[in-house]
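Right after this note come the structures.
There are two complexes below, and they share chain A, which is joined by chain B in the first and by chain C in the second.
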Partner chain A sequence: MTPDGRRRYPVYVPQPSRTWWLKSGPYRRFAAREITSMFAAIVSGLLLAFLFALSSGPGSYQDFLRLLETPGMAAFSAVILAALLYHTATWFRLTTHIVVIRLGQRAVPRSALLAALLGAWIAVSAAVAYFHIWF
Partner chain B sequence: MAEGTMTLKVARYRPEHREKPYFDEFDVPYREDMVILDALNYIKDEMDGSVTYRWSCRMGVCGSCGMMVNYRPRLTCSTFLREFYPKPVVVQPLENFPVIRDLVVDLTSFMDKLRQVKPWIIRENEAALESGEYLQTPDQVEKYKQFSMCINCMLCYAACPVVAKDPEFLGPAVIALAHRYNLDSRDQGRGERHRAIAVDWGIWDCTFIGECSVACPKDVDPAVAIQREKVAKTTDTMLSMVLPFGGQE
Partner chain C sequence: MRRGNPPDPPSLGDVLDWSEASEVRPGQRRPRPRGPQARLEAMAWGLFSAGGFVAAVLLPIHVAILGIAFAAGWLPDKALSYSRILHLARNPLTKVYLLAVISLPLYHWAHRFRFAIHHQFGIHLRRLVAVACYGAAVAGTGLAVWVLLRI
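Here is the complex of A and B:
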């Protein structure tokens, strides 16, 4: 290198590909994980729309419910559910790599941590479903 | 033992001859116990002395002979030809680095990044020499040992799409090394090091693709090191906001 930071020799600088995320299985799975996070934002938007309809009176609320029951929205909801299940499951799996919980001298195994996270997720979902159906 | 020949397609970059890289094909004698580096050495000794590459220890310790083997970052001294035989093998320089010649890449930017994270033990007040060594228990060593096994082979940089997109990214090995010293019970430089790594081109640039850890030949797991530094930095920042005398901000 010269004092002003330039190389004294020629180099070839390869240009990164725009489609790098299609190159291998792990890259594709990463892209899927990131893209499915957008569906969490879509759910938040739907919830906001729901609250807006609720605050606008019974007519708006009924219209919103009817919209949700249309075949197109039902199909879209199924896509959202699948995307969020994938995103959550993969995120929990990654979490077990990052979080280290020690019991005494030994770290809790990753499989036990993943089981605890998935168990808590299922329990909370079941509780929400129970209150939604019965109350 | 299978015998015969095997074709190596070797990437060449000789700027005095051609502006862009190209491939040369070499048919080398095949033996089951040959690694890619043996084949390259055969080519250099017997077929074309101008083929240029780095190597040193030939036993997976020095980290010099990392290259792209069939488009994956590998140590050529521990990648056997038999994994690919009888199909041809493509050997290229490590991705995400400027190429100087043939299979040799320019590591200048990595060396600059390495210095930035101060990969040595930092003490606020150095104890007097007479007081002896800074002692550690086996448990204290165990906490950072995995992250101290890095051989700076750069395979993780070649595997990382973030490095490809943002050449300024400090990268997996450098942050893993910072993590190693941050975990060391003898070290007191965590705050100082966080100022170097908790930046847009540091830990926050990583999107946890995780391929660096897959490529690592020493199971260092740099992806996890980066995420744990994110957690540590966030914890330090939160503590500094609520504790009367601050955390390690």
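Here is the complex of A and C:
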């Protein structure tokens, strides 16, 4: 900077193309990870619609269940589930990079942390399934 | 692919100016960003990570049950019956759980989509995009509260 606050040299502003995120494998995986958040928001919307149908009485609740049974909706759910599982995988993986748990002088190895996360995930899913289906 | 001229290398004087400006002397803390802007930013990141956690741990089983197992006929007959689900959803603990499960992933989406618009779509109306994304998440939260109170 010069004393009057102006720069002495031109600033380089890189101008990537609009499709830079399709250009290589890591970029595509990054973009896919970002897009999974959209499916999470769609699930929020679906749960909201489910509860809205539930609060509107038995007739609209049955209508919503019939919608869930259509093959198109089941196929869409499969796509959503695949996206969510990708999100789960990337989220757990990055958690093992961020969270460091110390035991005495050593850090818990990343593989142990990942195993603990997966175990907790399965346990929580089983609890949700129990309340949702059998409770 | 290069557009425009390559940058001139910064002069030695510039480099020294920068390092002096960012220097942290012993016993002195690096100044933290303060003010309402920084507080909102911190809150957005907190909600983002909470939402990412909920989306990773809790959402897959819900989609597996409602979206796939039910359509495939794997659930017991009465599992999704109106009276049983209504009874379950009227429990206050379930309502708190459902509010978290519905609203937190919306903040996760808002935060990621905000930067996706910036990075992937190349639209740089940063303030407008941020207000629209977080506003949608807040509206979804309000809607969830309204629906849960209606049940």
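Some observations on this one:
What we mean here is this: the second predicted complex is superposed on the first by the 121 of 135 C-alpha atoms of A that agree within 3 Å, B and C clash if a C-alpha of one lies under 4 Å from a C-alpha of the other, contacts with A are read in each partner's own complex, and residues count from 1 in each chain.
Assume a residue touches a chain if its C-beta (ideal position, glycine included) is under 8 Å from a C-beta of that chain, and two chains touch if they have at least 3 such contacts.
Here the structure is a predicted model, which means the values were calculated and not measured.
Within the superposed three-chain model, A:Gln105 lies in touch with chain B and out of touch with chain C [touch as defined at top]. In the overlay built on the shared chain, the residue A:Leu114 is in contact with neither chain B nor chain C. Once the two complexes are overlaid on the shared chain, A:Leu68 sits against chain C while remaining clear of chain B.
By the document's definition of touching, both partners, chain B and chain C, reach A:Val11.
Once chain A of one complex is fitted onto chain A of the other, the partner contacts of A:Thr88 are limited to chain C, with no touch recorded for chain B. Once chain A of one complex is fitted onto chain A of the other, the partner contacts of A:His97 are limited to chain B, with no touch recorded for chain C. Within the superposed three-chain model, A:Ser125 lies in touch with chain C and out of touch with chain B [touch as defined at top]. In the superposed model, A:Ala32 lies in contact with neither chain B nor chain C. In the superposed model, more residues of chain A are touched by C than by the other of chain B and chain C. Residues common to the contacts of chain A with chain B and with chain C across the two structures: 1, 9-13, 16, 21, 34.
Listed in rising order, the residues of chain C touching chain A in the complex are 1, 3-11, 14, 17, 51-53, 55-68, 70-72, 75-76, 79-80, 82, 85-86, 88-89, 94, 98, 101-103, 105-106, 108-109, 111-113, 115-116, 119-122, 140, 143-144, 147-148, 150-151. Contacts from chain B toward chain A in the complex involve residues 13, 15, 20-21, 95-96, 98-100, 106, 108, 139, 161, 164-165, 207-211, 214, 221, 223-224, 227-228, 231.
The touching residues of chain A, when paired with chain C in their complex, are 1, 8-13, 15-18, 21, 31, 34-38, 40-41, 43-48, 50-52, 54-55, 58, 61-62, 65, 68-71, 73-74, 76-78, 80-81, 84-85, 87-88, 91-92, 120-121, 124-125, 128-129, 131-135.
Contact residues of chain A toward chain B in the complex are 1, 7, 9-14, 16, 20-21, 24, 26-27, 30, 34, 94, 97-100, 105.
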